[in-house]
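Next come two complexes built around chain A: one with chain B, the other with chain C.
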Partner chain A sequence: MKNIVRRIAGAQQLGIILIIVVLLVVAQAANPQALMPSNIVEILRSSALYFIGASAATLVLVGGGLDLSIGSVFAVGGVAAGIAMNAGVPWPLAILLALVVCGMLGLINASLITWVGVPPFIATLGMLFAASGIVIVVTGGTPRFGFPAAFTDLGQLNLFGIPLLVFYAVIIGVLAHVVLAHTVFGYNIRAFGGSAPAARANGIRAAQMNVSLYVISAVVAGLCGVLLAARVATADPGAGGTGFAFQVLAAVIIGGTSLFGGVGTIAGTALGALLFAVINNTLALTNTNPQWQNVATGVILVTAVAVDHLRRKRRFAVRSA
Partner chain B sequence: MSTLQPTLELRGIKKTFGHVSALKGVDLAAYSGEVLAIVGDNGAGKSSLIRTISGVYRPDEGAILVEGEQQAFSNPAAARAAGIATVFQDLALIEVLDVATNMFIGQYPRRGPFVRRKAMEREARAFLDELGVSVASVRTEIGMLSGGQRQIVAIARAMRTGGQVVLLDEPTAALGVRETAQAADMIRTLRERGNAVIVVSHDMSLVFELADSIQVMRLGEVAGVRRRTDTTRDEIIGLITGAITGDRLTA
Partner chain C sequence: MSPITPRRAALATLAIAAITASLSGCSALSGGSVAASSTPTGDLREVKTITYVNPAPFYPSFDDVGQCFEEAAKANGWKPVEVGTAGSAVDNQGAIDLISQAIANGTDALVVFPTIPELFTPVIQQARDAGIYVVAQNAGAPSIGQQTQVGTDSKQLGALIAEGLGATDPAAKVGILSGSASTTPHVDEITGFTDYAAEHFPDMTVVASDYTNGDPTKAPELFSNMLTAHPEITALFPIEGTSVAAAITAVKERGATGTINVVANDLTADHRAVIEDGSLLGVGEQGWCESGTKSVEAVKKLSEGETLPDFIPTTSTFYDISNLPAK
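Moving on to the complex of A and B:
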């Protein structure tokens, strides 16, 4: 029993859980609808796409990488699927096509990083710009719509009163958790992120790791774009963007994943994504200017990283730089 | 002795980095159940030699033979697969991961795609206990251990991988008296298990305590190879400094 208490108190995410609870209490005090099932479902729905993107981003960051390009790969996914469907391609094939295109972009990121030696920050920042430019050029900046109902159903239907999007998020989250925490691939991700030279000396291939991580990242970002296109029945070339990329990265880092690699959990990321949705929701229910969301994001992000840094410094005493 | 086939043999290994000739045609023979010590001044090429054997560097020229079979290692994984386990001078441990994981990196006990975490912890624990290594928990992160404890874990990992050839690059540098004795015991255990052990060390007491043969490196070449029972510290130190002219014939 004592052990359990200590484990909960020592949990890195305790702070986030507390903030979420406080926000929900404040929201409930201001508006009795806050804790109604319909509002809880709305919170989950609004965090679903961010969480899906953040699950993949967690793998990348734990693996010592960084993928900023998810913002524009998101748009590539939606637009590619939209163009394909408008051209008469059946929707399942259109989705597959879109994900393959996104996967290729991930492969380009991984190639630049592995074989050319471009730092991940630069390679994926370049891709962020280039891919968003191409999407605008190809579409002429105009959205695509007129998709089959079977496609839009994917993003709009509910099951037992809960949006399908939430089910996708749970499935992908569980999958990402199992992969990261329990598989050989996940152990290799943590080893590679913890120290790439040491991982290589122990037989882990850098090329294989980078290709896997950046392709997963791009395919999942593209999937998020496809799902948004289904939900709003429109493929918007301006969807995603830096807003999506930074929200996702903020959720991952607030959830306790280290920017320096090797450390991080999907459970933490889920809390990070949930926190943003709760902040938004509380601001809406209390009729507060939604711009406060950005202020809160900034403050919480910096606080989370600072607290983590101090805790680590204490644990590793003088040794960790 | 010379009629036996060496477990590991190098012939004419050359390696240059830009203008620096780190290895200028190095021969070496390591035998099962023996400890070969490699000594030499700083920059003599000892670490370069170890890295070449373990697949980190590719030799420009020369041959590497394991059990008489010629090998070309394009990466450390290939060398490991051929039965060469290495404790690198810079350790190659991962600080943010725990002791058990570090001992099994790249070779986890698995069931399909999954790591058998419990089995891994149990084996790591049993292995360290058997060696008499004191680590509070195999779940301790490496970053929280002392330098000496880390070194012991690194040696334990090389022992665990069970290669026929075990390379140790300065395994006792920066170790206290107790840990040095422990490392020496571990190296003896390796010899008793029938491994071919190659130890790079600047510690002459350790070398004369452990080695069956001593190979002296000087400026990227082999200055001499001696059986420990046929040589003295003075001769070895003379070969290291160049006071005694090297003889390539014994190599």
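Moving on to the complex of A and C:
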């Protein structure tokens, strides 16, 4: 029992859990709707897409990479599926096509990083601009709509009163957790992110690693775009963007994933994504100026990275001693 | 390195003075990037090239403005140039840079959309100092140096939407989602909406307001939170066209279609489809094409020495299922 308490108290995500609890208490005090099941469901629904995107982003960051292009690949996913469905392609095939297109974009990112030597920040930033431009050029900025009901049901239906989006998020989160924590691939991701030269010396192939990570990241970002298109029955070329990319990355970092690679958990990322949804919800329920969300995000983000930096310094000091 | 002798210093001073004098003589030195071919303010400048700085090329309605602008300019025998910022959100700094470039490239007339008017004042003044005709497409804003304003009277548009909503729900409790607190057309539209409601529908009130800050992906969450925080809401008003689908989704997810009305801006193809299926009560449609055409007409009149009113309004109409025009 003592051990369990000590483990909980020592958990790096304890701070986030405390903030979430405090916010919910404040929200409940201001508005009795806050802890009603319907509001909890809304919080989960709000965080679902960000968590799905953040699960893949966690793998990339733990592997020592960075993918900024997820914002525009998000739009590519929704719009590509929309265009295909408008052209009469059956919706399952349209989704598949959209994910293949997104996967190709991920492959381009990986190729630039692995074989051309472009730093991940630059390669994916370039893709962020290029892909968003292509989406606007192809659609002329016009949203796509008029999708089959079976497609929109994917984003709109509930099961036992819980939106399907939440179930997708749980499934993808569990998959990402299993991959990261319980597979050889996951072990290799952590090893590669922790020290790429040491990982290479132990036979981990950088090319294979980068291709896998950036393709997964792009496919999952595209899937988020497809799911949003299903939810709102419209594929908006302006969806995603830097807003989505930065919120996803912030959720991952706040959840305890190190910006320097090698360290991170899907559970932490889930808390990071949940925190954003709770902040937004609390601000709405307490009638607070919504601009405070950005202030809160900034403060929490910097604190999370500072804590990570201090933790690493302490570990280094302990090892050196 | 050799020391600077008095003789060298004197020669250098002389050379700098000579260069400065010659540049001043050909008017190449002036404030900012004003082109050498600029005509002094006051003279009637002949228009050969007219530039439209499109604030949102990603949004289909602004594409309509651009097309009508080009057709009208060509009809006058002018060369139309349309430029716009990249990306999927309004980029004020990018638009200001494009205006600066157009001035430097020697355009004769500018049609601009100063989303936050005060930000654009210096560059518009720079254009006017260079003798360039400037027409702004931003109604209701204070004068910021342009010669006239053409476009939607945002307050009138807001009033039209209040009128349209009031016809169905005169006691509506409204939640509004706009772009940002500083986007002047949105601020004016909300003012027009609330003023009209206060005068004609005293029981209609705005109970919640929020902003997307240019990120339409957030709109479903913002509307959802709004409906939780204010269960009394009976109408949603997404001012940005990109948030309309999110408002309709939030209403649907609560099973409140028909109970909570949605009103919006712009009769785009997707908005028409949801008016037809009953998810959207109606939209305030701005005179997009008219805005492009009238801007060119205004420049024509300015180049002929006519004095124009401060504001030339375009037509706004509220469309719902009862008066939806043919496709």
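By our rule, the second predicted complex is superposed on the first by the 316 of 321 C-alpha atoms of A that agree within 3 Å, B and C clash if a C-alpha of one lies under 4 Å from a C-alpha of the other, contacts with A are read in each partner's own complex, and residues count from 1 in each chain.
Operating definition for what follows: a residue touches a chain if its C-beta (ideal position, glycine included) is under 8 Å from a C-beta of that chain, and two chains touch if they have at least 3 such contacts.
This structure is a prediction, so every number in the text was calculated from the model and none was measured.
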{"item": "Which superposed partner A:159 touches (first chain B, second chain C, both, neither)", "value": "neither"}
{"item": "First, second, both or neither for A:239, with chain B first and chain C second", "value": "second"}
{"item": "First, second, both or neither for A:87, with chain B first and chain C second", "value": "neither"}
{"item": "First (chain B), second (chain C), both or neither touched by A:262", "value": "first"}
{"item": "Partner chain in contact with A:149 - chain B first, chain C second, else both or neither", "value": "neither"}
{"item": "Partner chain(s) touched by A:116 [first = chain B, second = chain C, both, neither]", "value": "neither"}
{"item": "Which superposed partner A:199 touches (first chain B, second chain C, both, neither)", "value": "first"}
{"item": "Comparison of chain B and chain C by chain A residues contacted", "value": "C"}
{"item": "Touched partner set for A:184, first chain B, second chain C, both or neither", "value": "first"}
{"item": "Chain B partner contacts - residues on chain A that touch it in the complex", "value": "182-188, 190-191, 194-195, 197-205, 258, 261-263, 315-316, 319-320"}
{"item": "Chain A - residues contacting chain C, complex", "value": "31, 33, 38-39, 42, 45-46, 49, 74-75, 129, 132-133, 135-136, 140-143, 145-146, 156, 163, 228, 231-234, 236-241, 243-244, 277, 280-281, 283-285, 287, 290-291, 294"}
{"item": "In the complex with chain A, residue positions of chain C that touch it", "value": "56-60, 63, 86-89, 181, 208, 210-211, 213-218, 220-222, 224-226, 228-229, 231, 242, 245-246, 248-249, 252-253, 268-270, 273"}
{"item": "Interface residues, chain B side, partner chain A - complex", "value": "54, 56, 75-77, 80-81, 86, 88, 91-97, 101, 105-108, 110, 113-115, 117, 143-144"}
